[in-house]
Amino acid sequence: LRNGYPEVIYCEGKSNEEIKGIVTNMLERGNNILATRAEEEVYHALEELTDDIEYYERSKIIVIQQEEVAETESEILVVTGGTSDIPVAQEAVITADMLGNTVKRLYDVGVAGIHRLLGNQDKLKEANIIIVVAGMEGALASVVSGLVDKPVIAVPTSVGYGAHFDGVASLLSMLNSCASGLGVVNIDNGFGAGYLASTINRQIEQARNN
Amino acid sequence: LRNGYPEVIYCEGKSNEEIKGIVTNMLERGNNILATRAEEEVYHALEELTDDIEYYERSKIIVIQQEEVAETESEILVVTGGTSDIPVAQEAVITADMLGNTVKRLYDVGVAGIHRLLGNQDKLKEANIIIVVAGMEGALASVVSGLVDKPVIAVPTSVGYGAHFDGVASLLSMLNSCASGLGVVNIDNGFGAGYLASTINRQIEQARNN
Amino acid sequence: LRNGYPEVIYCEGKSNEEIKGIVTNMLERGNNILATRAEEEVYHALEELTDDIEYYERSKIIVIQQEEVAETESEILVVTGGTSDIPVAQEAVITADMLGNTVKRLYDVGVAGIHRLLGNQDKLKEANIIIVVAGMEGALASVVSGLVDKPVIAVPTSVGYGAHFDGVASLLSMLNSCASGLGVVNIDNGFGAGYLASTINRQIEQARNN
Amino acid sequence: LRNGYPEVIYCEGKSNEEIKGIVTNMLERGNNILATRAEEEVYHALEELTDDIEYYERSKIIVIQQEEVAETESEILVVTGGTSDIPVAQEAVITADMLGNTVKRLYDVGVAGIHRLLGNQDKLKEANIIIVVAGMEGALASVVSGLVDKPVIAVPTSVGYGAHFDGVASLLSMLNSCASGLGVVNIDNGFGAGYLASTINRQIEQARNN
Amino acid sequence: LRNGYPEVIYCEGKSNEEIKGIVTNMLERGNNILATRAEEEVYHALEELTDDIEYYERSKIIVIQQEEVAETESEILVVTGGTSDIPVAQEAVITADMLGNTVKRLYDVGVAGIHRLLGNQDKLKEANIIIVVAGMEGALASVVSGLVDKPVIAVPTSVGYGAHFDGVASLLSMLNSCASGLGVVNIDNGFGAGYLASTINRQIEQARNN
Amino acid sequence: LRNGYPEVIYCEGKSNEEIKGIVTNMLERGNNILATRAEEEVYHALEELTDDIEYYERSKIIVIQQEEVAETESEILVVTGGTSDIPVAQEAVITADMLGNTVKRLYDVGVAGIHRLLGNQDKLKEANIIIVVAGMEGALASVVSGLVDKPVIAVPTSVGYGAHFDGVASLLSMLNSCASGLGVVNIDNGFGAGYLASTINRQIEQARNN
Amino acid sequence: LRNGYPEVIYCEGKSNEEIKGIVTNMLERGNNILATRAEEEVYHALEELTDDIEYYERSKIIVIQQEEVAETESEILVVTGGTSDIPVAQEAVITADMLGNTVKRLYDVGVAGIHRLLGNQDKLKEANIIIVVAGMEGALASVVSGLVDKPVIAVPTSVGYGAHFDGVASLLSMLNSCASGLGVVNIDNGFGAGYLASTINRQIEQARNN
Amino acid sequence: LRNGYPEVIYCEGKSNEEIKGIVTNMLERGNNILATRAEEEVYHALEELTDDIEYYERSKIIVIQQEEVAETESEILVVTGGTSDIPVAQEAVITADMLGNTVKRLYDVGVAGIHRLLGNQDKLKEANIIIVVAGMEGALASVVSGLVDKPVIAVPTSVGYGAHFDGVASLLSMLNSCASGLGVVNIDNGFGAGYLASTINRQIEQARNN
C-alpha cells in the first residue's frame, strides 16, 4: 500500500526469503502489515520474526498488527451469495478492517432464495458502502444494487465449474449489471474491494470531520 | 418441425426464391407455417403466395395460419427483464402459440427493480412452464427459478454492449445459475424456447387427457 | 434445493466442518439429503453422522436416505454417448431418482455407431423426458432430439481433449443444435439436468392426478 | 435510475415510439431526464415533446432538464488518456452533472507523454473521486491510482484496433491494475462511472451535512 | 494453386486492378482459372478480358475455362446439412470439378431428420471421398464418418447465430468428432476441401493407372 | 474403430476395470487392439490378460497384436518440427502401422532451420500421403504443403507455452494455411491423423489392385 | 510521435475538426506530419490547409512533408507474404521513410511457394533490420527469422477469414515462432513496426557516426 | 540458436536422455550452452557430463560456459515492474549475457509507485536497448517507452490472477501500447527478448566497428 497505512505484500511469486526480507524492513518501521495470497509455509517463515501475527488459512492472509487502528463511523457491509464465497469475503473484511473501517457481514444470501436477502434489508440500509462477493452467475450484485442507492463494489469469485471459466461468468455478469452504479474488481480480489471501499470511506469520514 | 404441427422455416441464409419454393410446397399440404429470422423482403415475397399471412417486424417472424389451433389447459408464461428483450420474447410467444399452447406474458420485470417481479408472483404461480428472456447480466432467470419449483427455460439475449459480447455474458450467467433446474437455449433463440416449452406442455396435456 | 424435497448440498469449496454442520441440521429435519461434488474425504466425514449413507465414487455423490421416495408413472430416460460420460449421467440418474422419478438408462449409443442408437428407438419412445449426456462433439443430443418430439435436456461433458476446451465444444454444439427443443445445462451438470427433468415430470404427474 | 433523481433511459434496442411513450410519462412527473445511447433520430423524435432538450452528438446523450440541480462541495474529476476517449468521458461528465455533482475535466494526459499528467497533479489532489477513461492499453488508470489515495473509477474504452478486441485489452488491463483501489465498469460505460461516482459523492455530502 | 492445373486467385483484399493484372497473365499461359471470394464487381471487371467466364453468385466464384478437363473414375461426394450450406458446398464442387474430378452431390440431409441421410446410404457407398459441409452443430460430419470407412473432409460453415460465433461451434464440433478419420478445413473453406479431396483422388487415379 | 481392422480403445475417462472388460471381449474375437491415451497403470492391468502386448510410454499407446498385418505399397510419411513433437508423431505412426500401412519418418525438420527440410525433399517426393506434426507456430505444415501436391494432414501439438494456449496457436495456424489442401485434426490427435491417412491409403491400394 | 521527428496523428475516433485543429498547430511548428488510419474525407479536410500533402488510399496514410529528411546508411527491408498484405506493409514503409530511414521492399514471397523467398536471400542479407508482414498463418516470419541472424519485426495482418479471427491466428503464430528473435507488434500495425525499426536504426547510425 | 554463438536447448517436452544426448554433442563442438525451461532434475543429469555448469533455479536456466564471451560497448537494460517478474527478467539477462552483451538491471519500478521509475531516468538514458518485463496490467512498458526514444522490447509475464488469464492481460496491454515502438515477445519469454535485444546490439556494434 504505497499510499495507505498498513503496508501490504502480495506473496504470490515471491520466495519465502524475499518475503522475510520485506517484512523485516516493515517491522522496523513499526507499521501494521497485511500479507495476501500467503501459503501456510509463508506464515511459518514469518512466525520466526514476530509474535504479533495471525494467519487466516482459507483466505490465505497474514496480519501483523503493531499499532492500534481507529474505527470509522460509516460502515462497510460485506455480503456473500454462498458459503463458498466466504474466503474471498474475508479478504475484503480483513483488508478494510486493517485500514481502520467499521465492517459488517451478511453471508449466504444468494438469489436462489431471495427472501433471505429481502429479510435483511435493514442491514443494507445501515451500510454506507456495500461489497457484494458472489460466484456462480453473480446475480446477487445486481439485486443488491437495485435495492439501494449507494456505492456497491462487486467481487466476482471463481466459485463455479464448467462454463464458469474460473470466475469469468461472474465477472461478465457483474460488468453487465442492469443496476446502475456497480464498480467491479478482479476475480477473487477481496483485497481490492476492501481497499477501494476504504478509500471511499476515508472521503466520507474526512467530510464528516470537517 | 419434422415432428410437430406447423411447419417451420429458418430463413437466414436462404434466398427469397428458395423460401418461396419451400412455402409453396407447405401451402399445398394445408399446414400452418412459421418462418423465423425473416427480413421484410421475405414477407413481401410470400405475400404473393397467400393472404393468410402476418409479419411481426421486430421479431422477424412470418405466420401463415391455414388451420385452427387448439389451446392447452396448462400455461406457458413468458417473462422479460427489459423492453429491449421483447422481440426475442415474442418469437417464443408466437412459436408456442402456433404450436397450440396457452401463453401469457409478464414483461419488463428485471432485477434492478425487483419489487415489480415480486408484485407479480401470482402470475408465476399460475404458470406451468416459465420462459425467462433476459439480456445484460441475465440475473432474472436465477431469481425467477429461485421463486418457483417449475421448469424454467432461460433465453439469453444479445441486449447489452462492451463485455456483453453479443449475449455471451447473459448465456454464461444462465448456464451458471445458482438456482436449480434451468434449461438454457442459444442466444436470442426465442423459437427454441417456445418449442421446448411446447414439448413439455404436450406431455402435460397427454397426462391430463389419459 | 430450496423448493424441492430432498435437501441438496454443493460440496465444492466447503470445508468438511462446514458440510458436517449443514448435514447435522438437515438430519434433524428428517429429510433425505443429496451431496454433490463430494470428495471421498467428505464421505468419510459424514459417515460419522449416519449409517444411511451411500457414496457414488465416480460421480462424487453422497446419498443419505431417511424417508421412502414415491415413483412417478412417467419416465425419464438418461442416454450417454460413451462410457466416459457415465459418471455425469449417474449424477442425473441419482438426482432424478432421489426426487421421486422413474428413471431408465441407455448408455454408450454415440453417433460414431449410429445403429446402436437406432436399434433402441423403443426406449426413446417409451420415455416422457430424455436427458442426453455427451462429450466430444456432442452430436448425440441433436440426433436424439431429431428422432423424438419430447423435451430433451442436453448435458455437455468435459470428455475430450485439445480443442474440446474442457467441454466447451460439446456445449456449443448443443446450444446450436439444428433439432428444435433442446434445453442445455452447464458442462458436467448432471445434477441440473436431473433436477430440471424432475420439475417437468412433476407437472406431468400433477396433470395426471387431477 | 430507479433510485436516483433524474430518470434515465437506455435507448439501444428500443423503438422511437417506445422511447417517446416513456419520456411522455416522465415529463408529466416533472423530472429531469437523461437518455443514453440515443441515435440522432431519437433526439428528433423527442424534440416534438419538449423544448428543454439538448443533444450531445458524439456521446449520444439527450438531456431534458426541467428542474434546477444542486451542486456538491466535493469534486469528481474525469480524466482521459486521449482525445478519442472524450465521447465516453462526456457521458460520465453529463451523468454526474445531472445527478447534482461538481465535475471537473482533465483530458488527453495519456502515459505515452507522462509529463503532461505529472504537471497536473494539483487537479488530482483537489478531486475527491477520480474517473479515468482510457482505451489502448488503459495504463493511465494504474498510473493515476498510484499517484493518489482516493477512489478511482476506471472506464475502459473501445478505442484501439487489432488485438484490442473492442475494449477487452483496456478492460483486462484495468481489472489487473497493480495499483490498489480501482473499481472498473463495462467498456465505454461512461454512464455507469458517472453514476457510481455520484453515489459515492452523495455519501460524502451526507456526512458533511450531518 | 502453385502445384495444380487451373490457376487460382483468392480475391479478398485485392483491388480489381490487381486481379485484372493477374488474370491477364494467366490467360496468356492458356490455363483454366478459378477465382474465389470474388464480389460481383470483380466478375464485371474480368468480363472485359474474356468471354469464357462464368460467375457463381452465391458462392462468389468465377470460372474461366480455356481447356477441357479430364474426369476421374473415383468419385467425390459433397454432402450438406441444410440448404444454407449450399454456397460453401458449391465452392468445393466447382473446385474439385475444375481440378478434373467426378463430383456428386447429396444436399440437405442434416441430422435433425436423420432418415433422409440413412435413405441415401448407397450414395455414401459409391463415393471414394466424402466432403461434409455443415453449420449449426456440425453433427452431420460425425454421423457420416461413422457410417463409412473412407476419407471424410469436414467443412464447418458460418451458418448459425448467437453462440455459434460465426462457425466456431461447427469447427470445434468437427475437430472433436467421436468418429475417426475426419480431416477438417477452415470455416466456409469449400475451396480447401475440394482441393484436398482432389489431391487424394489424384493419388487414387495414379495407382489405378499404374 | 467401429469400421476398421484393429479395434481401438480411447482410455481417458475409463476405469481400469472398464478397460479390462472391453479388452477381454476383444481378445476373444482374435483382433489386434490399439489402446490410446493409456496411463502406465492401464498397461500393467492389461499385462495380466495377454503377453502379446507392448507399451509406448511417451505416446501412451498400448498395442496388442494377435494377427499379422499386411503392408501397403503406397507410403505415409510422418514429419515433425521438433523432438518434443515425437510422442504425438509416434501415435500417428503406430496407428497407421497397425492399420496395415507402410510408414516412414522424417523428424526434427522445423522451419527455424529450413535447410534441413529442403535437404530431405526426396522423402517428401516418395511419399503418397504426408502427416505433419508441429507445435509452436505450426508453420511446417504450410511449408511442406507448399512443396508437394499431395494430401497433407496437419496435427497441431500442444508443444509451446504462454500465448500458445495448449495448442491453439498451432491449430489456428494450420487451419489458416496459405498452402492449399491441408486437412487438420484435433490438437495432439496423432491417432486421428494416422487413421485418416490410412483411409486414404486404403482407397489408393484398392484402385491399384483393381 | 512525442519523441521523434515527424509528428504523428492517429485519426481513428477523432472528428475532422479535431484533426484540422491538431494539424494547424503542427504546420506552424514547421514539422513533417504523418496521419495514419485516415479516411479519405480527412484527406480532403486537410487539403484545405496545405498543398504539400499526399494520400495513400489503401494504407489510409496522409503525408505532409515540409522539410527534407536524411537517409540512413543501414537498410530496413519490408517483406510481405501476399499482395493483400501490401497496404499494411506500406504503412511501415512510409513511416520508416518519414523517420529518415533507407527502406527496401520484397513483396509476395509467402511460404506456399518458398522458392521465391529462397531466390531472394541476397536481399535478406543486405538488410540490417527486417519487417515481415503476413496474414493467414503468418509462417513467413518464422522462415525469414530462421534464415537470418538480425532483428526481425513481425506484423500480423487481418488478411484471412473464418478461424483467422481478424488477425489473431497470424498474431499467435508470430508470438510462438520457433525461430528466435522476433519482436511482434499489433495486428495491422505497420506504423508501429516502421517506428520500432527506426529506433533500432537510429542506434545503429549513432554508433556508426561516433 | 541456429544462427548465434552459444547453442540453445529448449528443455520442455524433452526427456533427460534426449537432453543429455544433445548436450554431449554440443560439448564436443566446444561451444557454450544455454538450456532454458530446465527442471532441476535436468541440471542433475547434466552435472554428470561437465563441471562448468551453473543452474539458475527460479529462472530454470542452465549455463555451460566453455569459452570466454566478449562484451559490447552498447548496453541492454532489463527493467521489471515487481519482484515476481525477476525470474523471467533473469532469463533475458542471462541470454543476452551469454550472447556477449553488456547487460544492466533496474528491478521493481512498477507504475503503482511511478516515482521510483522517474528517479532512475539516468539508467534509461544510458541504455541503448531496453527490455521491460511486467505482469499484472503491464503498464510499465508503455510508460518506459514514452520516456525514451529507443527500441523497447516488452515481455509480458504470467504474474497475476483471475482475469489475468496467465499473462494474456499483460500481453494485450503491451500489444496495444499508446507509446510507439514496442516489440512484444511471448508471455514469460525472457529468452526471446534477450535474443532479440542481442541481434539489435550486434547491428549496433558492427556499425561502430566499421
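For clarity, chains are labelled A, B, C, D, E, F, G and H in written order, and residue numbers in each chain start from 1.
Everything that follows uses one rule, which is that contacts are C-beta pairs under 8 Å (C-beta built on N, C-alpha and C of every residue); 3 or more make two chains touch, one makes a residue touch a chain.
Being a predicted model, the structure only gives us computed values, none of them experimental.
Peer 1: Which other chains touch chain D while also touching chain H?
Peer 2: Under the touch definition, chain D and chain H have A, G as mutual neighbours.
Peer 1: Count the C-beta pairs in contact for F-H and for A-D, then report the pair with the higher count.
Peer 2: A-D
Peer 1: Regarding the chain C and chain E pair, does the interface count as same (over half of residue numbers shared) or different (under half shared)?
Peer 2: On the two sides of the chain E and chain C interface, the residue numbers are mostly the same, over half being shared.
Peer 1: Would you kindly tell me how far, in whole Å, the mean C-alpha position of chain F lies from that of chain C?
Peer 2: Roughly 36 Å separates the two chain centres.
Peer 1: How big is the gap, in whole Å, between where the Cα atoms of chain B centre and where those of chain G centre?
Peer 2: Going by mean C-alpha positions, chain B sits 51 Å from chain G.
Peer 1: Report the inter-centroid distance (CA atoms only) between chain G and chain H in whole Å.
Peer 2: 26
Peer 1: Just curious, how far off is chain D from chain C if you go by their C-alpha centres, in Å?
Peer 2: The answer is 46 Å.
Peer 1: Going through chain H residue by residue, note those that touch at least 2 other chains and give them in order.
Peer 2: 2, 82, 112-113, 146, 162-164, 168, 171, 175-176, 180, 186
Peer 1: Using the contact rule from the top, write out all pairs of chains that touch.
Peer 2: After working through each pair, the chains in contact turn out to be A-B, A-C, A-D, A-H, B-C, B-D, B-E, C-E, C-F, D-G, D-H, E-F, E-G, F-G, F-H, G-H.
Peer 1: Once bound in the complex, which stretches of chain H touch chain G?
Peer 2: Contact set of chain H toward chain G: 1-4, 8, 74, 128-129, 146, 148-153, 171, 175-176, 180-186, 191-192, 195-196, 198-200, 202-205, 207-208, 210.
Peer 1: Please name which positions on chain G make contact with chain E in the complex.
Peer 2: Checking each residue of chain G against chain E gives 58, 82-84, 112-113, 159, 161-164.
Peer 1: Would you mind writing out the residues of chain B in touch with chain A in their complex?
Peer 2: Where chain B meets chain A, its residues are 81-82, 110-114, 118, 136-139, 142-143, 145-147, 160, 162-165, 168-170, 172-180.
Peer 1: In their complex, what parts of chain F are in touch with chain C?
Peer 2: 2, 10, 12-15, 18, 37, 156, 158, 166-168, 171, 186-189
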